[in-house]
Amino acid sequence: MAAELPKPRATREAYGDALLKLGGLHEDIVALDADLSGSTKSGKFGGAFPDRFFNVGIAEANMMNMAAGLAVGGKIPYASTFAVFATGRAFDQVRQSIAQPNLPVRICASHGGITVGEDGCSHQSVEDIGLMRMLPNMRVVVPADYNQAYAAVMESYVLPGPIYIRMGRPVVPPLYENTPSGLGSGADILRPGSDISLFACGIMAAKALAAADELKKRDISAEVVNISVLKPIDEETVVDSLSRTGCAVTAEEHSIIGGLGGAISQVASEHIPVRIGRLGLRDVFGKSGLPDQLLEEFHLTARHLAELSGLVLQSKGC
Amino acid sequence: MAAELPKPRATREAYGDALLKLGGLHEDIVALDADLSGSTKSGKFGGAFPDRFFNVGIAEANMMNMAAGLAVGGKIPYASTFAVFATGRAFDQVRQSIAQPNLPVRICASHGGITVGEDGCSHQSVEDIGLMRMLPNMRVVVPADYNQAYAAVMESYVLPGPIYIRMGRPVVPPLYENTPSGLGSGADILRPGSDISLFACGIMAAKALAAADELKKRDISAEVVNISVLKPIDEETVVDSLSRTGCAVTAEEHSIIGGLGGAISQVASEHIPVRIGRLGLRDVFGKSGLPDQLLEEFHLTARHLAELSGLVLQSKGC
Amino acid sequence: MLQSPKTRRGALGFFSERLSPLETQKLGKKANLLRRDIIRMVAAAGSGHPGGSLSAADIIAALYFRVLRQKPDDPRWPERDRFILSKGHAAPALYAALARSDFFPASDLVNLRKIDCHLQGHPDMHKTPGVEISSGSLGQGLSMSIGMALAMRLDRLPGHVYTLLGDGESQEGEVWEAAMAAAHFKLQNLTAIVDVNGLQIDGFTKDVMNVEPLVEKYTAFGWHSRAIDGHDMEEIIAALEWSRTIPGPAAIIAKTVKGKGVSFMENNAGWHGKAPSAREAEQALAELEGKKVPGEGEPVGR
Amino acid sequence: MLQSPKTRRGALGFFSERLSPLETQKLGKKANLLRRDIIRMVAAAGSGHPGGSLSAADIIAALYFRVLRQKPDDPRWPERDRFILSKGHAAPALYAALARSDFFPASDLVNLRKIDCHLQGHPDMHKTPGVEISSGSLGQGLSMSIGMALAMRLDRLPGHVYTLLGDGESQEGEVWEAAMAAAHFKLQNLTAIVDVNGLQIDGFTKDVMNVEPLVEKYTAFGWHSRAIDGHDMEEIIAALEWSRTIPGPAAIIAKTVKGKGVSFMENNAGWHGKAPSAREAEQALAELEGKKVPGEGEPVGR
C-alpha cells in the first residue's frame, strides 16, 4: 500500500480543506478563529465565506462563547486556535457554555503536541486531550493523518453535540490511502497481532506500525490499533484486542496522564485487567527544538515504543 | 474512637483557620481571593492581615497571574475561589505561569464536588482534580476532614512548588481525631483488609469506612485507604494494598475520568493489573438539589460503594 | 434623560409612544409582583440570591412586560427578541418573569432549586422554557449574546438581543473582550444592560474592585452608552427603546439598589446569596404588599 | 510631548537631565544593534518573530541601556527595576538586550530556539539570566506585573516594574482585568507600555479586532496614559521617566512600525512569525548597517 500513498501533509491542512468544502455544502456553517487563521487553516473558509467567518482577535474565551451563541442561534460553528489555548485558555467557557448545554460546537484545534517545535512549552499542548476527555458530552477526536483528519471534519457536521478535533502542525506521513467515509467506531485495527496491543493516536499511529515491524524482527506479534476517537472510546474493540494479546502499550503525543493512556488504563482496569505501558510525555512540559529532536528527546519514536513493548511483555501476566 | 471525635466541620473552615494561623507565623504569606472570601474563608486572613490580602474581584485569571507575580517577588501566595473557577476559569494561567515555572503558589479552592448543592452544575466542580493532575509540578491534595485539611494547609507552607488543595462546602464528619502533623505519603490505611481495597478521597473516605462495615457483615474484608495526596500518588502503598487484596474500588466526589479513579487505574495497569471499579460521577454534570439528595442521586453513598465492591469482587480474577 | 416621544420610537417602529402614567403604574406593579415571587421562591428554596434579583426586577419587568417580542406558547419563535441573563444567579427574577409571562405555570416557582425541578439554581436552557442560554459562570453572557446576534443578523431576523450583566461581573475580562468584539462587529441588534447595584459578594464594588466609570469604559470600547436610574420605569423603557435606534451596540448603565424593595435587604452585601427565614420573608412580603396598589389581586401572566 | 527637563526628572530623582543629542544617538545605536542581533538570531534559528521584536527594539533599548537599574552580575538584586515582556514572542529583542547588557554571552544568541539552548522560543525565567518571568501565552504579563509590584511595595523595595504588551495582545480580556486591578491597587511602581505596531498575526489590528482608542481605554480604566512615537528615543525616555512620577499606574501607548528598520518587513503581517532566509537576512543587515554610524564597531555590553 505504501507505493500509492499520497504525499505527507499536515492534519491542519485537512481541516482547512474540509472546512472549505463543508462551507460550500452547508449554509449554516460558520467559523471562528482567534488570530491564528493562517496557522489553523480556517482562513481558507474565511477567504471563501467572509460573511460567515469571525476572527475575534486574541480572545479565546470570547471566541468559545460566541461559538456557543451562534450554535444556539442555529448555526454549526467551527472554532479554531492552537490546542493549548482552545482547551486551556477557555476551559470554563467550553465547559459551561458548550459541553454542559450540549451545543454542536466543533473545536478544531491545531498545534497539538510537541511537534509544534521551536516555539517551546508555552505553545505545546500536552494536556488538551485529557482536558477535553473530562467534559461530559464532548467527543474527542485525534486523527492520524491528512485523510483521516479530512474525514473527521467532514463527518463532524452531521454528528450531534460538541466535538474536539486535534490537528497538528507538521506534515505527517499518510496512513490512510483514501479518505475514509468517516471514523467509524474510532478504533481501527491497522495490523492484527497476538502478543501485545499497541494503541496509538495521531502521529504515533504510524510510529506504532514501525514499532510493530521492529518487534516482528524479534518474533513478537504486535497488534496495532489507531484510536482516532478517544471519547467515546470503542471499548469493545479495545477489550477484544486486550483479550487476544493480554497486554498493551499506548502511544500519544500527550501527557501519559489523562489522555489515551489514561483512557485505555481505565477501560482495562474496569473490564480486563492487563498490564499497560504508557508512552507519552512523562508528566513534564515540552521545550524548544526541532520536532524530530523533541520526539527523540521525549521518547516518542518507534524505537522507544518497541522498547517499552518489550518491557511490558516481560512482565506480562506477572 | 468515635466518641472523642470533634464535631463535624467543613474543610473550608480549616482553610480559613490554618491560613489565619500561618499568616501570624510567616510574614511572607499573602492571600488572594476572587470575591468569594466569605465562602472560601480566606476572609479570616484578610481581616487579620489586610495589607497582605488581595481581593481581585471576579477575575480569576488575573488572580492566578497576580499570585504568580507575588511568588516571583518572594511571597508565598494562597489563592482561593470555588474549585470550578480556580481550575477551569484560569487553567491556562495556572499552567503557563504557575505550574510550568514551578512557582510556590498554593491554590486552595473551596466548593469542590456536588455537595455544593442547590447552586447546580455551573458551580459544582467535578473535573478539578483531573485538571490539576494533568499539570507537571502540581501537587494535588484532597483532604478528608477538617483536621486533615488543617494539616494540609499548614504543611503546604514548607513544601516546594505549586499545590492544589480542594476544600468542600458542607460540614463533614471527622475522620482524624487530632490534627496530623502533615499528610505523610498521602495514603493512609484507615482499616486493613484482605479482599478488596477501597481507595477514597475527600468526603468519600468516611463513606468508605461505612461501606467496609457493610461489607464486613457479608464477610468481606475491605481495606480502606484514604488518598489525600492524589499527586504525586503514593504508588507503593497503592501497589502493596492491591497485591494483598487483588482488586479495588475507588470513590470520589468527582468524575470517574481523570481523578482518583484515573490515577489508581493508571498505577494498577502499569504495576499490578487488577480489576478496579470506579465510583464517581459517571461522565455527567451535576444539578441542583440538597447535598445529600445529590449524593444519593449520583450514587456517592456507602451503600453504592458496597454494592460496586460486591460486583468487582464477583469478577475478581476473571 | 427622557427624549421626546418621536425620537423614543424603537428602531423597528413597533414601540408605542411615551409611556402613559397608567402603563408606568402597571409595569411597576409587575415589577412588584416579581419581587414578591422572588422572596417566596428563595424562601421556599432555603437558598438563592435575593439581592441581585431584586435590583434587577424593574429592568426585567420592563423587558418581559413591555419590550420583548416573544411568544410564550412558542418559546423558540425565530423572530423573537432574546433576553440573556448573564448574571445567572439572578435566576429567580428571570423565572418569575417567565412564569408571569406564561412560559410555564407560576406554581412551579416554589420548587426553585429543588431536586428534579426544572428551575435550577442557575438558568438551564434545556430545562426551563424561555431560558435562551445556560448561565451561572459569570462573564460569559455578553460573548454568547454576540454569537446570537450574529446568527440573527446572518438569518436577517428582526429580533434584538438584550443582555443583563452585574457590576461585579464586569470585572471579568471576558466582558471586555466581548465589548471590544460587539463594537468591532457593529452589532446593531445588541443591548447590554449593567445592573449597577454597587455591591458584589465581598462588599461594595468600589471597595472590592472598582469598575467605574462604566459609561466611559463602554464608550472607550466603542459603544453608545448612557446612565439611567434602574428603578425608574420611564427611564428604563426610554433607554431600552433608545438602544434599538443605535447603529451599533448600546450599553445601558443602570444605577440600582441591591435588595431593592425590602428594607433590610437594601444595600446589604449579606443578602447577596442568602435566603430569608420564614419570618423575614413575611416581613419582606408585607413591605412589598404595602407598595402594592390596595385591592390588587395576584395577577398571573400579563 | 516632551516636558521641560525639570519635570522630566524621575520620581526617585536618579534620572539624568534631558537627553543630550549624544546620548540619544548612543541609544539609537544600541537599538540598531538589537535589531541586527534580532535578524541574526531569527535567521540562525530558522524560525521566530522578527516583526514584533523589531517594533519593540527602541523601547527595549531605552529600558536596558538607560532606564532600568539592574546588576547583570546579580540578576536577582532585590532593589532592581523589573522588565516584563508580556508579548513573549518578542523574546529575540529581550535576549539581545540581556546579552548586550552582559547577563550572558552574546555568543549564545545564535543558538536561539535550538534544542538545549537556554534561549527558548518564549522567555523562561529559570533558563535565561535576567528573564524575570516566563511568558508566551499572551495577556498574562500585566497581571503578573501587578503581583510583582505588590510584592515590591510590601517589601518597600524601590524598583519599578515596566511591562511591554502588544496591541493585538490587548484583545485578551485578562489585560483589562489587570488594568482595572492596577488602578484599584494604586500601583505607583508600575508602567505598561503598549507596542502599537498596528498588526497582529492575521492582519491589521484595526481589521482583525480593533483595540483603539487605547489611551481612552486606559484612562477609563483609571490609569494615567499618554501616546508617544515608539521610535523616537527622546519621547520614549521622557515617557518612561514621566511614568515614574505618576501616583498610580501609567500607560505609554507607543505607536510603532512592525518590522521597523527592515524595509521589506515593515508593516507586513507576513513577517510576524517567519524567519528570513540567508539572503533576506543579509539584505536586512545591510539596511541596518547602513543606518549605523560609519566606522562603529560591534559594542558588547553598555
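For reference, chains read A, B, C and D in written order, and residue numbers begin at 1 within each chain.
Simple rule for what comes next: a contact is a pair of C-beta atoms (placed from the backbone, for glycine too) under 8 Å apart; a residue touches a chain by one contact, two chains touch by 3 or more.
Note that the coordinates shown come from a computational prediction; the quantities given were computed from them, not determined experimentally.
Visitor: Give me the fewest steps it takes to get from chain A to chain D if each step has to go to a chain it touches.
Guide: Between chain A and chain D, the shortest chain-hopping route counts 1.
Visitor: For chain B and chain D, what's the span in angstrom between their mean Cα positions?
Guide: 42
Visitor: Which integer distance in Å separates the CA centroid of chain B from that of chain C?
Guide: 37
Visitor: Quick one: report the Å distance separating chain A from chain B, using the average Cα coordinate of each chain.
Guide: Computed from C-alpha means, the inter-chain centre distance equals 30 Å.
Visitor: By the touch rule stated above, which residues of chain B touch at least two different other chains?
Guide: Where chain B meets two or more other chains at a single residue, that happens at 56-57, 59, 61-62, 84-85, 89, 92, 95-96, 100, 121-122.
Visitor: By the touch rule stated above, which residues of chain D touch at least two different other chains?
Guide: Chain D, residues with two or more chain partners: 124, 134-137, 171-174, 177, 180-181, 184, 209, 211.
Visitor: Pick one for the touching-chains graph, please: line, ring, star, complete, other.
Guide: Drawn as a graph, the chains make a fully connected set, so complete.
Visitor: In their shared complex, at which residues does chain B touch chain D?
Guide: 30, 51-52, 54, 56-57, 59, 61-62, 64-75, 77, 92-93, 95-97, 100-102
Visitor: Quick one: in the complex, what on chain A touches chain D?
Guide: 33, 35-39, 43, 55-59, 61-62, 84-85, 89, 117-123, 287-290, 293-294, 297
Visitor: Can you name the residues of chain D that touch chain A in the complex?
Guide: 45-48, 88, 113-117, 119-122, 124, 134-139, 168-169, 171-173, 200-202, 205, 208-209, 211
Visitor: In their complex, what parts of chain D are in touch with chain B?
Guide: 124-126, 132-137, 140, 143-152, 154-155, 173-174, 177-178, 180-181, 184-185
Visitor: How about chain D: which of its residues touch chain C in the complex?
Guide: Listed in rising order, the residues of chain D that touch chain C are 171-177, 180-181, 183-184, 209-211, 213, 216-217, 219-222.
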